[in-house]
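Several structures are given next for inspection.
What follows is a pair of complexes built around subunit A, which joins subunit B in one and subunit C in the other.
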Partner chain A sequence: MLKITNLSASIGDKQILNNVNIELAEGRCLLVTGQNGAGKSTLLHAIMGRPDIAITGNIDLDSVELHNMDCHERARSGVFLAHQAPPTIDGVNTMTLFKEVQKAQNLDITTGNLIKQVKDLSEQFGLPDDWSKRAFNSGASGGERKKGELMQAEVLSKKTKLLLLDEPDSGLEQSSRQKIVELIENTCNSGGSVMLVTHDKELQAKYNDNKLDLNNA
Partner chain B sequence: MNELEQEYTAGFTTNVESELTGRGLNENTVRLISAKNNEPEWLLEFRLDALNKLSTMTEPDWAELKYTRPDYDNIYYHSRPKKQFKSLDEVPQEILDDFEKLGIPLHERAKLAGVAVDAVFDSVSIGTTYKEKLAEEGIIFCSFNEAVQHHPELVKQYVGSVVPRGDNWFACINSAVFSDGSFVYIPEGKRCPLELSTYFRINSAGSGQFERTLIIADKDSYVSYLEGCTAPQRDENQLHAAVVELVALDRAEIKYSTVQNWYPGDEHGVGGVYNFVTKRAQCRGVKSRVSWTQVETGSAITWKYPSCVLQGEGSTGEFYSVAVTKGRQQADTGTKMIHIGANTRSKIISKGISLGNSTMTYRGLVRMTPGAKNARNYTQCDSLMIGNDSRSNTVPYTDCRNDTAQIEHEATTGRVSDEELYYLATRGLDAEQAASTIVNGFCRSVLNTLPLEFAAEANKLLSVTMEGSIG
Partner chain C sequence: MRKVYLDADSLDLMLVPVHSEYEFVFIQTEGKCTAKIHLKPQSNAKFKVKIYIYAEGNSEVDCVCTLDVPKDIDGVETDIQFRSWPFDKSKIKARPEMFIANSNIIATHGNALGAMNKEDTYYLASRGISDAKELIKQSLINA
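Up next, the complex of A and B:
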């Protein structure tokens, strides 16, 4: 259960969220809507623990006080954020990054199986053969970056209790959007929760029954 | 203890009684060292001539380094364990145990597979592994002093031929008072079947280390040589002024790798090794090749420019460097590529990383002489700063004296971005793991050139260096 109580968030002098309250049960997906600048991404990053976002209020996940943790500790506690615009990391090849995540999160998978899983996933997503050998996101299109985020979400899915999806669909071809739905369903079916920010009408319609509108929050 | 001290795992002292002699930089010291080594007259003359030249020279001050000059008259220029030994079997157990602790087992049952090691403790070599096996192939790998005794003609022919005794202040000091070091000769047509390695350890307080290394690769031969070094943690600055000379004859190749981990001093800049080293290779033969790879994480002060003189037609020089400074460390390091022969090639890949309050300077020279027709150089020089108080300088100097030569230079300077660190944190990496991943990626093109045995050690060393430095 995710419980957010009286959450306010600001970046520098600018207050972006004011007194947001959320209760999200296991197995549920919350659609977060609002105009540009309403604070949808800020909300997800505030939950993730981005250092430049100052918050007041509480963020509890299964009674664990996320608001008292550093970002990497929140990740290790089962929070996964699929970034809207993941950066390029020069020199660090994609497979190396997966291995570093495996080490940092103590994933229950052998390196051999991890390599196989990444290879299989990149095939499923239609990514180039040498994708995992390239520097992370180097020369990648917006859509390829999104696929990379979804692949990481898949690899970490067994550990994920709270999946934060920040416009996972933008730049993705239609066929890959099904992957987003599968990811959400799988997370919910295995007892996790999802928060989804999207401008995609189909996805919005699909998850419209449980919605937080930040314009009115 | 501060973070830097906690991280320096090689900072212990071996509990063995030492004999310190030769205090002060003077004729008595020079004669004493020469006598202790039972050297021939010509070598004593070599030393005395260097001492004489030194009196006309001054310590260089052009580097981007601020340090208190060593008190040359108060240093002991020779230190060796009091108990004498003639073979590895007689070496005091404490020394063997401590080398093992440093990852360098020397005794027969545990010695490193595939790597022959010469272990230098203060001023003396305490032993060389696989010496006999290599001798069967005609390869000479022994301590410098042993080479002087058993192969004087080779030593006499080559010592000082690449780095003349009056080359610079520190090389001149070394030429006068050098202690032990390693000697390698690879005969014509021979590919050395083992990696050769020397491990340098300074142990005694109040002393310095002034080793001399000479490697000769005869025609059509190949050798890969690795060098490692550590020192105890002390509040005093210890001087290390080494000279390394490499000679590559026709079509010979020498690959020289260094992992330098001398004690860097504490967070306030107290203590640490002054690492003033002259390393130079002469590619004398046609199509000969020398590559220098260095991973520099230690030393309070580093002054070091491994160089290649490319004489032979079509010869190649390469320099791959990762240098990391943190705390109050200062490094002024780079390379010189002197193109003399036609169609010579050189490549320089330098990665400098500065953290904390440290200063990192890349200083390089590429010279194309009039005879270096169609010579080529490519230089890539990248620096990465972590934190707001570190400094990074790049001083590349190019001197082109013929119009057929080509010089390419690429350089970048940047900071580790908060965006990258945050992204990795969202994947569960703490600040140190994130910075270490980024730094390893930044250095990958250099680390890939290291022999396998050293690559793992270099990676580990870089990770340890990042510990406590971020956040």
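Up next, the complex of A and C:
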């Protein structure tokens, strides 16, 4: 259960969120809507623990006080954020990043199986053959970066208790959008929760029954 | 061609480039490494050199890459790039030197510091990684 109580968030002098309250049960997906600048991404980053977002209020995940943890501790506690604009990280080899994530998060998978899973997933997503050998996101298009985020979400799915999806569909072709639905369904079916920010009408319609509108929050 | 040097102390290489790309990787976790790479191309040689340097703790790396093109060597095209990651209290000195006596040569060079910016650090933290040192080191070894 994700329980957010009286969450306010600001960046510098600008207050973005004011007294947001959320209760999200296991197995549920919450659609977060609002106009540009309403604070949808800020809400997800505040939950993830982005250091330049100052917050007040409580963020509890299964009674674990996320608000008292650093970002990397929240990730290790089962929070996964698929970033809207994942960066290029020079000098960081993509496959090595997966291996270091495996170590940091104590994933229950051998290195050999991890390498196989990453290769299989990159084939499924139609990523270039050398994708995992490159520097992270080097030369990647917007769509390829999004696929990389979904792949990581897939690899970490067994550990994920709260999946935060920040416009995962933008730049993706229709066939890959089905992967987003599968990821949400799989996360919910295995007892996790999902928060989804999207401008995609089909996805909005699909998850419209449980909605937080930040315009009116 | 790719060569990785782990905790080297002294290195003096003379190279007549025949490949299109060379990568030299220096990983220094302790002590001081002094590396000299001399490039002596033949006429019309076209090649790139990338030199990656990682240092941690109190280690030091002093690396110079020298391009030597005398007057009778013609049509060389090359690019020499340094990239350095100094962590902790380590020190890295990295510099290209070019001695070119022929006007029909294209030679470029660059030198960049690979410090992590806030966005990269946050991204890695969001994957559970609190210290990028090991990630950079393993990336350079395994690339």
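We adopt the following convention: the second predicted complex is superposed on the first by the 217 of 217 C-alpha atoms of A that agree within 3 Å, B and C clash if a C-alpha of one lies under 4 Å from a C-alpha of the other, contacts with A are read in each partner's own complex, and residues count from 1 in each chain.
The definition used in the following text is that a residue touches a chain if its C-beta (ideal position, glycine included) is under 8 Å from a C-beta of that chain, and two chains touch if they have at least 3 such contacts.
Bear in mind the structure is a predicted one, so any value in this text is a computation, not a measurement.
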Taking subunit A as the common reference, can subunit B and subunit C both be placed on it without clashing, or not? Answer clash or fit. clash
Considering only the touch criterion stated at the top, classify A:His72 as touching first (subunit B), second (subunit C), both, or neither. both
First (subunit B), second (subunit C), both or neither: which does A:Arg28 touch? neither
Of the partners subunit B and subunit C, which touch A:Met95 in the superposed model: first, second, both, neither? second
First (subunit B), second (subunit C), both or neither touched by A:Pro86: both
Is A:Lys3 in contact with subunit B, with subunit C, with both, or with neither (first, second, both, neither)? neither
Give one of first, second, both or neither to describe whether A:Lys119 is in contact with subunit B, with subunit C, with both, or with none. neither
Where does A:Met48 make contact in the superposed view: on subunit B (first), on subunit C (second), on both, or on neither? both
Running through the overlay: 25-33, 43-51 or 295-303 are the candidate stretches of subunit B; which one clashes with subunit C? 295-303
For subunit A, give the residues common to its interface with subunit B and its interface with subunit C. 48-52, 70-72, 75-76, 81, 83, 86-87, 89-93, 96-97, 100-101, 104-105, 135, 152
Could you list, by residue number, the parts of subunit A that touch subunit C in their complex? 48-52, 70-72, 75-76, 81, 83, 86-87, 89-93, 95-97, 99-101, 104-105, 133, 135, 152
Per the touch rule above, subunit A residues touching subunit B in the complex are 48-52, 70-72, 75-76, 80-81, 83, 86-87, 89-93, 96-97, 100-101, 103-105, 135, 152
Interface with subunit A, subunit C side, in the complex: residues 52, 83, 85, 114, 116, 118-120, 122-130, 132, 134-136, 138-140, 142-143
Residues of subunit B touching subunit A in the complex: 417-420, 422-431, 433-434, 437-438, 440-445
